[in-house]
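The following pair of complexes shares a single chain, chain A, combined with chain B in the former and chain C in the latter.
Let's turn to the complex of A and B:
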């Protein structure tokens, strides 16, 4: 018995792992089981064999095109959020007066939530909103620019809700990188650009990949804003609207589960690519110093 | 040496460009927020710069029309329960994941990543079906259970890198000095990871209060959180006055704002990870 325990401990299995048990059980019961239940349900349509619901999704252009619509919104929005937060977070490193205020201001939009953002965008960017009033009174445009109830409304809403998250994560990753590493590079003669490209960026890259994934997930599952500020029957008919309609409007749980599965697969493909790339990068202590 | 200090916030053209973008973002953001606030106090507002006349009546009306009192209580209950339970389950798991290496670690990590990486609607629909099957959905318990699904992994995911960056040598040193396991946890790890735990708690709190999809799919009429009630009021806006929806949105945002400001007094969220070098000087 003791020998077995020692052998297992050598491979890293000891009592510490019991700490993982509640979390593992929880995820299996509330995530894995419902997920397989959903997959099982999606394979039992009333007609057309086990793959009937999937065939229906891919032959019906109104359903199929939701994939490209969703990706067309989520990928640019997530990319913009991550790319915009890198220079801003990089500039805001270190200590100076008013840093806390500035950080609070940048993180503030988290509190807005999708619904207030939607309401605000409708008021602000709408045809009689302040934005169009400013454009018209400064003579930049003659007619109001249409920015709500179409692609752009949803896009702005994704940027407003996604950017604070991206910024928060990127800043926390950046603050974990020891500035001494950059100072060391500087004593070796590296310029500002070189220091960023050769020292900070490689250390930051895994964090950026994680941040991109999280913001992409936020953007990919866009639902309320696509309904409220978008054009839910046309330009911004994203895949979650299709899933919701199937489940709660048509009560077709088979089709809804099938759409949910397709949605998951599409997203996992994107994330798999990003995380696969992340696995190639250096991960580990960014604290510098000895050791 | 001086040029290295990030204290000079402006200077280079790139710096100015960055600040320009930030300011543009803020101006528009302010516009979005102020437009809602102004509208919620406005009597009538059509094709003009500002509403004709002011009133605070919409708040009272929103409070009565949407029965906001019970809704706020439900929101608070859900948020507190979700934060507490997810920290209890998540933090120990994060510690084990950060320190131990064992066969199947990567698989387990993937298992914890999945609920965060999947859009809530994807697993929300089958989850709601299962929760309805066992009679949880439509009540507070169903809403809490559904909201825990992304929260527990979220705590694990934010805490694991945080604990990884706490030098294990500190733990070993404590053990060398004769500390027992619980002492290591309580006297060494806990104080070092308080900023991380607080940050994770805040993020989970904000996510839960703002979580629309899962609550929407599992809530019954008496277990709606504020954001779901807000969505219903907005999507049936034809019946209610626009301003009363605005008033409700303002209430929601002020609540979140208070939460955030309180939270930021205690923790600086951008320093989730060890504050190296920053305080050297």
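Let's turn to the complex of A and C:
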């Protein structure tokens, strides 16, 4: 009996494993069960066989096109967030006075929430907002430039709320790269551009892939800003709006579940592509040797 | 873009402060072509700062560096053409051993065939030919260190800088690599500046030592000079003079001075100006103290067996500890007399900073 207990403990199986129980229950009840319930529900439409709801989604252009609309917003926004945070995080490496204040300022939009951001965007970029008033008073344009209640309004909102996440992640990936590596590259004759391209970037790339995935997932499920600063019936009719309408306007839970599943599959495809690319990269230690 | 060699490299009052604290205060030194120089000192003495200033990784706050007649301290590190070996090796973890070593050659746009030939040669030199395709993470510490050395010397740099390259290795490997570095220096004749806190390493490798303390030069000299005639009690302390006795001088005569106090009387050689009644520090190595029939009386406290020799810690009646090293093996509690050759007891003024 004791011997068996020792052998199990050797493989990490002992009473401490019970501490995992609350988390496991939580995951099963709140995530796995609703997930499979939704998949099951999506396969039980009133007509058209088990795949009826999916067939309806893909034959109806008004529903089907929400995929490209959402991808058209989420992919560029995620890409911009990652690409913009690299040079900023790169410049902000190391220790200097005022770094904390600067980081706080850059990360602050996380705390605002989408609704406040939308409010701000409407005030600032709207037809009678400060931005357009400045443009018009300086004579740069005659008519206001339309930057809200269309694609751009949602795009800006996604950048404002997504950038802090991307910046924080990229910063922490960068701080994990041994600064001695760039110094070593410098003594070997590499200029600043070469040092970044040949040493830092290859070591950072897997982190950038992960960051892209996370900001993409955040942007893909955009809902409030698509309604508040977008054009929810037209060019920013994203997939979550279609799901919402199916569930709470038409009370068609089967279709809504099917849309939710499609949403998940599209995200998984993008994530799979990015992570597949990431697997081709060097993903080991980013230290230069024994410390 | 092969860097031209130089006749000499001149550091002229090189200083560096960090936020008002002077890490290096006015280092003046001329390095001749082909020389092996060791910067030696305890941690925080400014030796790594000096090396980073030479490499161009730290801007100077004072002074200048000259390569023959060309000013060097304003040239960025990538255009100095020096090779550097870092304390933690700083190998590129995503590149194979071969591509790590080839990195500098690629930066200099050396043709591919020549790069291949020179990398092979450098890897053979450090006995790593069969590991060329591995990533640094797959190598042991000693092998990583050899890659770092190969990466620096493959460029045939006009100066090789080494920042405590052996401090992360275990004792046996450290000895092997030390010989390897000395052998490389003899084969390639590369001018080298080597930073270390290990006096033995510095003595065995270097042609000239620069002993630093608190950012200032204490002594510059050959290993024999620094080992045999340290100019201050700090250098003596650092060079293994384990007995540092605070005593008082009697009038010096004929190059000898008798020092005493606390029940001890010894005769030694004065270093620097010493007058009667001065407070002094008498310094001697453990191996220069011996058990004799007469001398300072003391009681043996600790006896350590160290192979051929025995290290003894004895204490005088006034409570001063004496460290001896020699072939005779007393027992703890024995009463002995400790004697010293006056030529081997160096007497330094005590008030030197």
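As a working rule, the second predicted complex is superposed on the first by the 260 of 291 C-alpha atoms of A that agree within 3 Å, B and C clash if a C-alpha of one lies under 4 Å from a C-alpha of the other, contacts with A are read in each partner's own complex, and residues count from 1 in each chain.
Assume contacts are C-beta pairs under 8 Å (C-beta built on N, C-alpha and C of every residue); 3 or more make two chains touch, one makes a residue touch a chain.
On a predicted model such as this, the values are computed, not experimentally measured, just so you know.
**Q** Given the touch rule stated above, what does A:116 touch, chain B (first), chain C (second), both, or neither?
**A** first
**Q** Of the partners chain B and chain C, which touch A:93 in the superposed model: first, second, both, neither?
**A** In the superposition, A:93 touches chain B alone.
**Q** Per the overlay, which chain contacts more chain A residues, chain B or chain C?
**A** With both complexes superposed on chain A, more residues of chain A are touched by B.
**Q** Let me test your reading of the model: by the given contact rule, A:199 touches which partner, first (chain B), second (chain C), both or neither?
**A** second
**Q** Which of the two partners, first being chain B and second being chain C, lies in contact with A:33: first, second, both, or neither?
**A** Only chain B is touched by A:33; chain C is not.
**Q** According to the stated criteria, A:135 is in contact with first (chain B), second (chain C), both, or neither; which is it?
**A** neither
**Q** Answer with first, second, both or neither: which of chain B and chain C does A:186 touch in the superposed model?
**A** Touch partners of A:186: chain B and chain C.
**Q** Considering only the contact definition stated at the top, list the common interface residues of chain A for chain B and chain C.
**A** Overlap of chain B and chain C footprints on chain A: residues 178, 180, 183, 186, 285-289, 291.
**Q** Which part of chain B faces chain A closely enough to touch in the complex?
**A** 3-7, 9, 14-15, 18, 21-22, 25-26, 28-29, 31-33, 35-36, 39, 46-47, 49, 88-90, 92-93, 95-97, 99-103, 105, 108, 111-112, 114-123, 125-127, 129-130, 145, 148-149, 152-153, 156, 161, 164-165, 167, 169, 199, 203, 206, 209-210, 212-213, 227, 230-231, 234-235, 245-246, 249-250, 252-253, 256-257, 259-261, 264, 268-280
**Q** Which residues of chain A touch chain B in the complex?
**A** 11-14, 16-17, 19-20, 22-24, 26-28, 30-35, 37-38, 41, 84, 87-89, 91-96, 100, 103-121, 123-125, 128-131, 133, 160, 163, 168, 171-173, 175-176, 178-180, 182-183, 186, 192, 213-214, 217, 220-221, 223-224, 227-228, 240, 243-244, 247, 253, 256-257, 260-261, 263-264, 267-268, 271, 285-289, 291
**Q** So in the complex, the part of chain A that touches chain C is made up of which residues?
**A** Per the stated touch rule, the residues are 178, 180-181, 183-191, 194, 198-199, 202-203, 282, 284-291.
**Q** Please output the residues of chain C touching chain A within their complex, sorted ascending.
**A** For this pair, the touching residues of chain C are 1, 55-57, 76-84, 86, 88-94, 103-104, 107-108, 135-137, 141, 144, 148, 151-152, 155, 161, 168.
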